[in-house]
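Order of writing sets the labels: A, B, C, D, E and F. Residues in every chain begin at 1.
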């Protein structure tokens, strides 16, 4: 079955991203396809390559990255909402240079795109599950 | 693409958190996908569409007027929990007069807001294909 | 003391918990979604006793933002941010029921 | 449908709201702090009817994390993340009461 | 520096949010400042010190054992709401046996946890100079 | 009077940072001293120089920066908790280079420091007010 996931909260502060990851991992292990994970609201903060958790704790960002959720073209299907990302300081190279910001923090396993990707995930997936606060 | 029934479930007030405004942003994008769209306002979500919100005093953007645009995008099924209104001392008269023009009825202006009891809301929810929660 | 409540009593238990421990000399300030508890509604009786004693304040900007200015329960005192500062100064330790 | 509740019914109103709208054919899954509602406590009666009908699930990892494994209310069905996936697959549309 | 009375107000369970663990991180740092430190566990905060938490199944760090270290840092006033425990079907026996050694009583081992009714908690709170909420 | 503030939530997602800012501004206008603002938990995300809100919305980060809260040595007293910051991807130049990360995102009006700064704020201020979720 094709399953998509919406994550509404950032890493560590809430359990939402952890639960969503465990759910995605279990779905893949059972042979389902994770069509897309859409990070919305503070969920965009799950995509930061700057994240440095303590040595003895899990790295929520790397966990997502290691799931390697991609489409047929090899593009990441860990999608960060652009509107939510900009107002929270999550930038890829292109958005940074467009806005004259020196530096960027998007982890390469993620990509930034529009809200249409969430609707599309709802249309093209058999199920969409929301994780939040 | 196939048409699916999408429900947007709104349970929080307008300004304490960003969920209300970012939910509205999704709904506006959703309009372009020509899906069947319903919005549900339950619990403190009913405050999102209360008339007379004024955010000047808290330095935030007042987005409540954007709800008036939904009718132009053929989004005209806004279900409001009757029980949630009543608990909060509110009635349908306290809500914004959101309307749409019905193309099947000579573009007559009709109300978009339908106040429904939980038992009806339950039935509407059970018909949805996708539920996005905010 | 000044007890600060920022959540709707319909959504969370923080107002109830505050009322369980507030003493006779403390005042309460409702801010953000906490002002929803200051409207005339089925939860209004929770703060009625305290309000009659003149011990319940609500932040005016938040009241206006939520469209409930004309529906306030009795005896709620409105303050602006400057009034919020005065309450913090006058009432000693501030306890936030976040 | 599958209704997912992730907050304690002591802290928030989400379990109550879910129970207000859940229909006769849907099931409920308690995750994260939602599992607190699956323990024997003064809120347990809220889900007792649904549980008797075998329609209440709780995520085992969350139950163990909160130290309430030995205090579960009657008729709660424990599932792991794989069982969570099965519930999503089997019960159609998922509604999260976040 | 002057000695002040600091209260750490804990109202959420251990793993649903980070407040519990980041509160504990502050408390451990606070120990170095030789202030008068009290911890209050109210509402779902009582679950933070319940015995037998096991976070292996959710892939998170089990920090509850860190509470045992508090006694060594002279942090030994952990007030737990009796009403909050009772609502949750819990009693003092369900809590971790947190202790400290009393230097004024020949280093006798004494319990750090005091289950108190809300009326007592109210009095303790009213004596504080600073209240940090988590 | 000396007043300190603790902010527990990030910008935009919750009103906490907005309310804390309005409170701080009003306190300064009334002649009080804001001794320190301590950003803890997701509050650390208020310090990102990457934040790009829509043109018609307030910029929460710049609002804080413009208050210009500094100590007698001219150091910013908008203090970001280092432990909370690292696990959420908020880095200054020094932490970035220490951890071999290319880039950093801390706004120069803020500084990163330890949790002791929160306790010290509680000790040295007449009042400490917490804003959170």
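Note that in this section a contact is a pair of C-beta atoms (placed from the backbone, for glycine too) under 8 Å apart; a residue touches a chain by one contact, two chains touch by 3 or more.
Owing to the predicted nature of the structure, the values given are computational and were not obtained by experimental measurement.
Chain centre most remote from that of chain D: F (centre = mean of CA atoms). Taking the mean of the C-alpha atoms as each chain's centre, chain A and chain D sit 26 Å apart. Centroids of chain E and chain F (each the mean of its C-alpha atoms) stand 27 Å apart. Taking each chain's centre as the mean of its C-alpha atoms, chain A lies 35 Å from chain E. Those residues of chain A in touch with two or more other chains are numbered 8, 12-13, 15, 19, 22, 41, 57, 83, 128, 130, 132-133.
With touch defined as above, residues shared between interfaces to two or more other chains in chain D number as follows: 6, 10-11, 13, 32-33, 61, 80, 93-94, 96, 98. In chain B, the residues that reach two or more other chains under the touch definition are 11, 15-18, 43, 58-60, 129-131, 133-134. All chain pairs that count as touching, in label order, are A-B, A-D, A-E, A-F, B-C, B-D, B-F, C-D, C-E, C-F, D-E, E-F. On chain A, the positions that touch chain D within their shared complex are 1, 3, 8, 15-16, 19, 22-23, 25-27, 29-30, 32, 127-133. In the complex of the two chains, the chain D residues touching chain B come out as 1, 13-14, 17, 20-23, 25-26, 93-98. The part of chain D that touches chain E in the complex is made up of residues 6-8, 10-11, 32-33, 36, 39-44, 60-62, 64-71, 80. By the touch rule above, chain C contacts chain F in their complex via residues 4, 6, 31-33, 59, 61, 80-82, 84-86, 88-89, 93-94, 96, 98.
On the side of chain D, the complex with chain C involves touching residues 10-13.
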